[in-house]
Structures are given as C-alpha cells and as structure tokens.
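Okay, got some structures for you below.
What follows is chain A paired twice: with chain B in the first complex and chain C in the second.
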Partner chain A sequence: MFANQIGYYSLILGLLISVLLCGVSIKDFNSNSKQISQNILSLSFLQLFFVIISFLSLILSFINSDFSNETVFNNSHTTKPLFYKISGTWGNHEGSLLLWLLVLTLFIFVFLIKSKEQPKKYRILTLLFQEVIIIGFFLFVLVTSNPFNYLFPIPTEGLGLNPILQDPALAIHPPILYLGYVGTSIIFSSSLAAVTQNYVSKEWGQHIKKWVLVSWVFLTIGIMLGSIWAYYELGWGGFWFWDPVENVSLMPWLTLTALIHCILVLERRGTLTSWVVILSITTFTLSMCGTFLVRSGILNSVHTFANDPARGIFILIFLFILIILSLGVFFLFHKENNKNSNNFFWLSRETSILVNNWFMMFFLSVILIGTVYPIFLDVISAEKISVGPPFYQKLIVPFLIPFLLFMSLGPRLKWIKSKIENKNSLIITFIISVILTFFIIKNLTSDLLFYTLLVSAAFFLFFTTLKELFIKKSNNISQSVAHFGFSLLILSILFNSILSSEIITNIKIGEKYIFSKGEIFFKKIEKSEESNFNSIIAYFEIKNENGKIIELNPEIRVYNQPEVITSEADIKTTLLEDKFLVMNLVKGNEYFNIRYQVKPFMIWIWISVLLLSLGGLMSLFKKKYEQ
Partner chain B sequence: MYGKKVKLRFLFLASIIAAVIFTVFLILQSLKENVVYFQSPSEIKSLIELDKKKIRIGGMVKEQSVFINSNEVNFIITDFKNEINVIYSGAVPNLFAEGKGVVAEGFLKDKNYLLATKILAKHDENYMPPEVKKAIGDK
Partner chain C sequence: MNNKFILIFFLIFLSFCFIIFYKGLNNSNTYIPKISEEKNIPLFKAKDFNSNIDITSDKVFEKNSYYIVNIWASWCVPCRKEHPLLMELSKTQSVKLIGLNYRDKLKNAKKFINELGNPYSQILIDNDGMLAVEFGAYGVPETFLIDKNKKIIEKFVGPINQEIVEKIKLIIK
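Showing the complex of A and B:
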C-alpha cells in the first residue's frame, strides 16, 4: 500500500529533479568556471536515487503480493516462488520501462563521475542530450504506463506470470540486455555533444570506446541468454529462429560491432569522424526502434505485454523527435576534420576495418528489410506475409566466406600502409584448412563445394587467431580472443547445423520406436504436484548404435495461474553433443508427440559467445592501447 | 583533364553506388522467393489456380477433427465458412488443441488438402494470431 505511493511520488520527484537538472546545466554551461558545478553531480545522484526508490518499492509490492497495485495484480500470484516474484518486476511492460529509466539515470551518473578529465562543455552537453531521453522516458512511464496504478476493491489473488517466463535465464535476460541497449544512449548523447563541440577526435575516441565496449559486452551476453532460453524452453530445438524479436536485438549489435572497429581507427588515426557519429546515432535509434516494435504490439511474441496503441504512438513520436534532433545537430554542427588527412593506402588496417563495416552494413540491411518489410506490407496493403529463415540464410551465409577471410587477414595489416607478411605461412595455413575441411565433411553434405569453402574459411580464421594467441604472443590479446571466439562460434554453428539429426514421431506409453541409429522406448509416466503447477514426467530410454542406454525425462506442466500448458525439454549435455527430448500431449489422444534431437557442439556455441564477450572485457580493462 | 584524385574519388563513388544497387537487387530478389503468404480457408477455396509456393493457412482447429496415428497428425482448419484438411508429420506445439487458433505452413495438394511442414500456435492462451483474427473476421 505505502510502497505504491512512495514509488509513484518518487517518480514524480525524479521527473522534477530532471527538469531542474536541465536548468542548472544550462546555467553552468554559460558560466566561466573550469569544472562543472557540484550541484549537477548532486542533482544527478538525486535523480538516480528517486528512480531506485521507485524501483525498489515496485519490487517490494511484488514480494508482498500487494494486489492493490494493478501491475502486481496483472503479473503475479501468491503461489509463485519468491525468485519469480522478484523477476516478475521487469517481466511486464510497466516494470521493464522503469528498469530502462533506472539504467538511463544510472549510466548518466556513472558517466559524470568517470569523465572528469574531459572538457566541461562536452560533459554538460552530453548530460543535456541524455536528459532529453530521460525526461521522455519519465513522461512515457507516468503518462502511458504507470506501474503504480491503484486498484479498488483490492483483489485477493493475482493473474500470474506467463509460465514460460518463469525461468532463471529469462529472469536475468532483460536487465542484462537493457544494460546493453541503454548503454548505447550514452554513446548517442556523447557523440552528439562531441559533434556540437567539434570534439570528435582521438581523445574522444579513447574515452567513448569504454562505453561502446561495455554496451557491446552486455548486449552480447543479453542476446545469448535469450537464445539459451529459447533453446530449452520453447522446445523447437534450435537457438536462433530469425524471429523479428530476435532480429531487433541483433541489429543494434551489428552496428555496435561496426562501431567498436571504427572507433579504433578514430582513436589511432583521427579519421572516419562522420562515420563514427552516424553509427552512434544509428545504434541508439535501432535500440529505440527495437523497444518500439517489441512493446507496441506490432510484433507478436512473448515480449508483447499489452497492445495499447497510445504507447506505440508515444514511442513513435519520441523516436521521431530524437532522430530529427540528432540529424539536425549532425548537419548543423558537424565539420569534417581534415587535419589528419584521410589518405591511406588501399592495403592497410584502416581499409580492412572499413571492409568489416561494409559487411556489417550489408548484414544489417538484410535483417532490417526482412524484419520491416512484412510490417510495411501489412500497413499499406493489409496483406499478411512472413519472411522465414531461408531468406536470411541465403543472403547472409554465402557472404560469411569473404567476411571470414578478410577477418583472418585484416588484423595482420599495419596502419596507414602495409603489405602482407609471412605469405608462405598464411598460404600453408589456408591449404591445411581446406584439406582438413574436405576430409571432415566430404561424406556429410550434398553441397560439398559451398560447405568446403565456408568451413575452410572458418578454420582459416580459427588457425590464424590460434597461432596469434599461442605462438606469436600477439600484442593485442583481446582482439585475438574475440576473433578466436567468433571463429569458434561460426564453426560450432556450422557443424551443429550439418550434423544435427532429428526424430519426430507420435508414440504411446509402453511403445518402442526403432530408427536407423537406435531406438526410443517410452517406459512410463508419473504425475506430480507443485505449488503452482501439476506435471506429467515421462520416462524414456534411448538406445544408440553401440547399445548404450540413456534416460531422458521430459515434462509437461499444467500451470494453474494462468492456466497454461508448457513442455519442458530434457537435455543431456556433453562436450561433444546435446541430446534433446521434448514431448507434447494433444488433448483427448493417447499419443504423445515427441521430438528427439541430437545436436553436436551445442555447448560450444555458448562457450564461444562467452569468449567473444571476454575479448570485449579484456579490451575494456586494458590500460592503454598497445603500440 | 581531371586530376588523379578526382578520378579516384569518382571511381570510389561509382563502386559504392554499384555495390548498393547490387545489394538492393539481391535482397529484393531473395525476398520475392522466400516470402510466405498468409491465406484463410475461404481464400483458398476461391483460388482459380493452385499456387505451388509455400503458404500459411490460419484459422481454428475444428472440434472433433484431430486424428493422430504413429506418424501423422490430421486435423481440419476452419474459418467457420470453409474448411481445409491438414496432413502433418512433425512436432506439434504446446498450445495445439481443438477449438484453438492455429497457423499451418506448407504446400497445397489440392483445394482441400494441405501438406503441412510446420504448425504454429502461440504461447499465450489468450493470444490469437493476427492472421487468425483476420481470417475469422468479426466472429
């Protein structure tokens, strides 16, 4: 009860502080002092403080199952385990927006503390641009999605959280993803501030690189968590479905990855200034678009909490204001800085990074068109279409071949002007990769030429980065680790998709299904009752070619609040392969529909993404860019 | 006539434009081939010529129509005006049930039979796919 009011009023106080903060910043901007005034820091802390209070009181309402709060009523239930009561706070539209706001205010506060050696006017301008976003979100939360709406009479029981969201990976997926999404807002604000101050320079590159890396690492891990969840919870036995909701998180990731690379050029050479600014603006715009598409109910998925058109329109207008603002700032203030002359030889580190960026932009446009085109067509012609995985695979996979080759060669080039060194050892590595690939996959696929090229390109990158890591003691370990992680990721995905096998059948209790590589025996089922669901646990014995038997126990759960049936896959993971079994029961039939999959190298996909992020982290903690 | 630098710039610009045109062409071409259109059973019935491409059909699973044997699932999709028989061998999603919304993706054998390759039903029981909403209209 009290928590409700405290939460609501601290939100309003937070908004007032933000407006005040803008006024104080503008005054300080015109004053002659060298350092920014202490008031700004204090106000920015207060702003953060009030949002934290508001967020904590919402969590408290969830823990206490205070159903006088509409958000709690809609998304919680007394029988839910404590952990999911807490994670339910951001498992809904209102709470997740409050989390956005929390991260926004947290990041600007951290930015102010961490940027003491930067020019004063630049810092204040960054703060001002960030406040535009923060105030926009305050208004959005208070006007269209207030998490503290009061319900009377007070219901005795809540409606419950969608059971498939009651999951450890998904409990931490939104906060991590948001840290990545919202981190891009700081890059956006500070790049606009730097443009206005004509400060897009080597020094700025060095300073903003940290924020780019932080956002990138969080975004990478956030996407991975979502993907792990989809793998074991949705029961489709894959980890990426080119679903629009997945695509909108991948798009800012691509631009952010491009940004990481060309920030390096800016940091070392002071060129590509306009491109860096454009990428910063695009990245944040894509993050906002993602929020808009997912939250407005245009894309239908588990992420869509409510289809309230007012919310969609609010974000859309807000998005337009931000885009116009940023484009205005860019065209009015941006001056191409030709001091450092952007002459570089065609064979140099700079060109190779540009090549990387071109590929990223290509991947981005493919995904953007595939995601937006169906929405566009629906609006103009009311025709419903869907763009499936073949579209993306056809356009992205072949281009991975040159991409991987460039990725193996690029980092070996020197800045400004270079020639390829150690040609012989490179050629030998390449030949080894091709031969190795040929012998591994010659009996596995029909499209031998294509896959040989693709897999050997991946192996080539794998071996060159491996050599840099262990033999040459490369002076840029973070880059080698990240690139090595990427090659491992591509290899695991490729072998996973080439070698996966699947059995789908309908089976009764006590029956045996025999297939070419073994047999599946459906032994029995058992029923059990938990506080918030009843479950049917099945006992399957799977015998493989060597007569080895493993037992898998998939589950069907019938949740009581809300009444939803879910299937829990049972997965046996080893370093070499995952064995995955999921079953479904069709009402009124004695047959169980089962899907048994053997998925090689599954765990390596997650490990390689972690390696990729580790590379980012190492770069973050590196003292200074090595010469 | 023009300096070397101008020529180089021009070449650079031209190659960028060529690359962009090529990309757009490639994407559009591939989009055309890989788009799956959604239709309702009534729309199928009114087709003059059968489409060989993959399509999606949405509607409700008719009551008492689900029939399962060891390698197939058979059922009828209805939009309360017309019906389509679906033959499917594959994994059925959680919320597949009689009287609930469903989208089947696959190839038409004739105007009455769909050989489905995929069946979609969404995670939320209150949720009705927009395609289904459109298909059954005001009902």
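Showing the complex of A and C:
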C-alpha cells in the first residue's frame, strides 16, 4: 500500500521534472556556453531516478501480492511462483507502459552521457524531441493507464496472470523487445535534431550508428524470444504465424535493417541523407504504430490485453502529433546535399545497398498492407476479412530469390565503382548450389522449379558468405557473420517448411497408432499438482522407422487462477529435427486428440537469428580499424 | 513548390488514416459471420462414406425436397453435443440430412456413427476440407438448410440447438 503511493507520486514528480527539463533545455539552447549545462544532466538523471522508483514500487507490490493495487489484483495471485510475480509486472498493459517510460528515460540519459563530443545544439534538440515523447507517455500512463489505482475494500485474492504468459521466454521477451522498440526513439529524436541543425553528415552517421545497432540487436533478439514463446507455449507447432502483432514487430525491424545499411553509406560517402532521415522517422513511427495497434484493442490477437477505446484514442492522437511534427521538421529543414547525391555507378556497394532498401520497402509494404488493410476494409465497407499466411507467403517468398542473389553479390562490390571479381568462382559456386539443391529436394516437393531456384539462391548466399568467413577472412567479419546467419535462417526456414510432417489423430490410453514412418504408443497418464495448476501428464512412446523409441510427455494443465486449460507441448530437440507432441482433451470421451509433428532444423532457426544478432553486436564493438 | 504539394498530399492521407483508425477503435471487433444470402449449392464430386464410390452433387440433391447439410467430424466436441438434435430432425419426413465428414479418419468417424446413431441419409467424405470451403463453411460443426430449388437458404455456424431445430421445422413445414 505504501509502495503504491510512492510509485504514484514519483510518477507525478517525474512528469514535473520532464517539464522542468524542457524549460531548462530551451534556456540553455539560447545561452552562449559551449557545453550543455550540468543542470540538464542532473535533471535527466532525476527523471530516470523517479521512473525507476516508480517501477520498483510496482514490482514490490507484485512481489508482496498487494491487492489494494488494481493492476496487481488484475494480474497476479498469491500462489504464483515468485519469478512470474515479478514478470507479471510488465505482463500487463499498465506495467508495460511503465516499462516503456523507463527505457525512454534511461536511453535519453545514456545518450546525454555518451554524446559529449557532439555539437551542443544538436544534443539539446535531441533531448527536447525525446522529452516530447517522454511527456506524452507520462500523460498516457497517468491519465489513461495508471498502474497504481487504489482498490477498496482490499480484495483477498487476485485474478491471476494469464497462464499462457507464464513462460520464461515471455518473461524476458517484453523488456528486450522494448529496448529495441524504444531505442528507435533516440534515433527518431536525434535524426530530427540533426535535420534542424543541418547536421546529417558522416560524423552524425558514425555517432548514431551505435544506437541503430543497439536497437537492432535488441529488436532481433526480442522478436526471436516472442517466436520461441509462440513455438513452445502456444502449441501451434510453428514459429511465425503472421499474426498482426508479430507483423508489427517485424515492420520496424525491416526499416531498421534498411537503416543500418543506409548509415553505412552515409558514414562512408555522406550521401543517402534523405533515406536515413526518412527511415529513422519511419522506424519509430512504426514502433509507435505497433504500440497503438496492440494496446488499443483495434486488432484481435493473442497480445491484445487492453480493450479500452480511451487509451486507443490517446495513443492515436499522440502518434499523429509525432508524425506531423516529424513531417513538418523534415519538410521545413531538410536539404538534400546535391553535390554528391544519388549519382551512383550502377555496379557499386552503394547501388547494392539501395537495391537492398527497395527490397526492404517492398517487404514492408506487403506486411503493412496485410496488417492494416482489414481495419480499413472493416471501417469503409463493414466487411470482415482476415489476412493469413498465404497472402504473405505468395507475395514475399518469390521475391526472396532475387533478394538473396543480390545479397550474395552486393557485399563483394567496392565502394564508388566496382566490377565483379572472381566471376568464375562465383559461377561455379552458383552451379554447385543449383545441383546440390536439385538433388536434395527433387523428391520432396511438387513445385520443383520454384523451390530449386529459391533454395539454390539461399545456398548460394550460404556458400559465398561461408567462403568469406573462413577462406578469405574478409576484414568485415561482422557483416559476414550477420549475412551468414541470415542465409542459415532462410535455409532452415525453407527446409523446415518443406520437410515438416504432421499427424493428427484421436487416441486412447493403451492404444497404438501406426503410420507409414513408425508408430505412436499411448502408454499412460499421470496426474500431478503444482501450487498454481493441476496437470495431466501423458506418456507416449514413439517408434521411428529404425525402431528407435523416444518418449514424449505432453501435458494438459488446468490453472486455478484464472481457470484456464492449456496444452503444454512436449518437444524433443536435436540438431537435426524437433519432435513435437501436443494433446487436447476430447470432452466426455476417453480419447485424446494428439498432434505429432516432426520439424527439421527448428533449432537452427534460433541459432541463425542469434548469429544474425551476433553480427550486429560485433559491428557495435568493432574498433575503427576499418577506416 | 513540389515539396508543398507532397506535404499537403501527406497531410490529407494522414487525416484519412486518422479517421479510419478512429472509427476502427469504436468498432467492435468480435466476429459475426454474415448469413450467406441465397446461394446455389456448389457442384462437386465426393466419395460416399459407406461405399467409397464417387458421386456427384446432382445425384445427392434432388429437386423438390428440403435438405440439411451438416458438417461434422468425430474429433469435434460440439458435434457430439448437437448429434441428438440431428437424430430428432432425421425423424421428420420432409427433410433429408446429408452429412459432410470433415477432415476425419474413416475409422473414428464410423465409430462415432455406430456409437451415437446415424441421422444422415447419406454421408460424404471431405478429407481435405475443400468441400466445406465450397459450401462457405467457417468450421465444424456447421449446418446448412437447402430448399426445393437447391438453394442454401439458412446457415447455422456452430452446434445447432433446440431453437434452431424449431426454426428449421417451421421452414420445411
């Protein structure tokens, strides 16, 4: 109860400090001193400090199961394990917004400390733009989603955390994803500041690149964690469903990826300034847009907890204020540097990066349209449609072929003007890829030509990057690692989707189900009791063609608070394939409905995403030896 | 000049998006399927449940009789619930029940019928679920009422209940 009040009042103090910080910054902007005043740093620290206090007191309320707090009451329960009590703090609307605020204030503080060599006016403007966002979020939290609402009389027990959110991957998924999402806010603010100061230059590129990389790495890992959660916990037997909320996290990732590449050009050649600025603005706008779509309940999805139009309208207005502000700044201040603008030689690193951008923009448009078109259609014609995986697959997958080919060739080109070297070795690699692919997939799919092209393009990238990594030892290891990771990702996804097999059947205890590649034996079930759920554990033995037996124990959990039944898949992971078994209760019947899937190369999807982020990390810590 | 034009265009576009999103917020997002308007039954070819012989839709549906097409599966829990009502309907003379066995194992489906009784005058096999899609179904169970002109006049999503049974009886009288 005490923590509750501390939390609430520190939020208000935080808001006051933010307003004060704006005033002090404006005053300092017009002063003649060369460095920004110490007051700004101290105030920025205080702002961060109060948000931390507020966040900690919310965590404390969750740990103590203080049900006089409405958020705790709605999302926690005394029988929940401590770990999930803590993760419950950000597993709900109010708490997650507080986390947004925490990251926002943390990042601007770090930015101020880390940007001491940058021009003073640019730093202050970045701070001001960031404060607009921060104050917006302070108001949003305090006005529509106060995490410290007081309940009286105090309930004795809470409503519990949604069981599907009680998962280790999901406990860390929001903070990591937010670090990525909110990290883009710094890119947004600083690019606007740089535009107003006409400072979009090589120096700025070098300075902002670190922030872009940090956000990108967190975003990549955050998306992966979400995907892991969907795979292990939701039991749908896949890792990506083109769910609107997944798309919403992928869209900023695409623009951020394009931005990383553009910044490389900016850093080297001082061009592509418009691209850089527009991508910076778009990335953050898409993150905000994502927050709007998820938090307002305008979409139907596993993630939409909040369904309060007032909140939606607040974010909507806020979002459009930010868009109009950034557009205004861009059109008023941005001057394209005409001297050495986009006159690139057709065969050069710059051109290949531009090509990469256009591909990214294409993928982005497909996903954007697929995600928001149903909303538009619903409003205009009251027609409900839902856009599913076939739409995305049809539109994206074919374009992966040229994309992968460009990606194999692009990094081999030199800046300014280049020619393709080692043509022969490239052609040989390509032919090897095609032949290899043909023999691997010749018996696997009906659409041979298409898949041969697709998989061989992926193999081509795989081999070229592999060669760069181990044979040529190029000095740009971070890029090779990231691209290698990407090729591995595409290959794993492709083989995963081509080679996956599935069996759905009803089976009762003691029965054997025989299929072409083995048999499933349902041995027995056992019941067990945990503090917050009861579970039925089933024992299955699965024999494959070689007579090798593995045991799988899927579970059905009946959570007590709130009363929800979930199916826990049992997954046996090996380097080559995952065996996935999930079962459901068939009511009033001794039969269980089971779904058994063999999914090849699942683990490689996660490994390759980790490699991809490792590439980003290496680039972040890379010294300037390249220049 | 050019810039101004782009800016104005952007602002108009943004306001449009704003209005759409604003309206979208107030829309309820629970999904209410529209009852399909009078629609001819699809032409199809399917395997018969008992004989495993291909038959065409013309053979299944004759003019001058009411039909009820019920999509079911042995693994579908609500199907089990609505089954007694189907049994009740099958006793009415003026309507014939056609079952569409949706994505099922023949063995399980036969067990289901043996256990609970067979209300259908004919059962068709829909192994890949395409037939159900052609009828315009959302899932299992689903029930269609077909009139004497081979038109779908009613569609019931989800298990039928007593109320629906009364409604059907009223129409076919």
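General remarks:
Keep this in mind: the second predicted complex is superposed on the first by the 621 of 627 C-alpha atoms of A that agree within 3 Å, B and C clash if a C-alpha of one lies under 4 Å from a C-alpha of the other, contacts with A are read in each partner's own complex, and residues count from 1 in each chain.
Definition applied: a residue touches a chain if its C-beta (ideal position, glycine included) is under 8 Å from a C-beta of that chain, and two chains touch if they have at least 3 such contacts.
Being a predicted model, the structure only gives us computed values, none of them experimental.
Annotation: superposed three-chain arrangement on chain A; chain B versus chain C shows a clash. Touch criterion not met for A:I416: it reaches neither chain B nor chain C. In the superposed pair of complexes, A:I26 makes contact with neither chain B nor chain C. Judged by the touch definition given at the top, the superposed model places A:N593 against both chain B and chain C. Of the two partner chains, neither chain B nor chain C is touched by A:I435.
In the superposition on chain A, contact is made by A:N506 with both chain B and chain C.
Legend: residue contacts after superposition of the two complexes on their common chain; A:I113 is shown touching neither chain B nor chain C. After superposition on the shared chain, chain A has more residues touched by B, the comparison being chain B against chain C. In the overlay built on the shared chain, the residue A:L444 is in contact with neither chain B nor chain C.
Residue contacts after overlaying the shared chain place A:I164 against chain B, while chain C stays out of touching range. Within the superposed three-chain model, A:Y373 lies in touch with chain B and out of touch with chain C [touch as defined at top]. The intersection of chain A residues touching chain B with those touching chain C, taken from the two complexes, comprises 300, 384, 504-506, 586-589, 593. Per the touch definition, chain A reaches chain C in the complex via residues 292, 296-300, 309, 312-313, 316, 320, 323-324, 327, 331, 375-376, 378-380, 384, 504-506, 586-589, 593.
For chain A in complex with chain B, the touching residues are 162, 164, 234-236, 300, 302, 358, 362, 365-366, 369-370, 373, 383-388, 390-391, 394-395, 504-507, 511, 513, 562-567, 582, 584, 586-589, 591, 593-595. Listed in rising order, the residues of chain C touching chain A in the complex are 3, 6-7, 10-11, 14, 18, 20-27, 29, 31-32, 74-75, 77, 80, 105, 108. Taken in their complex, chain B has these residues touching chain A: 19, 23, 26-27, 30-31, 33-38, 56, 66, 68-73, 89-98, 122-127, 129-131, 134.
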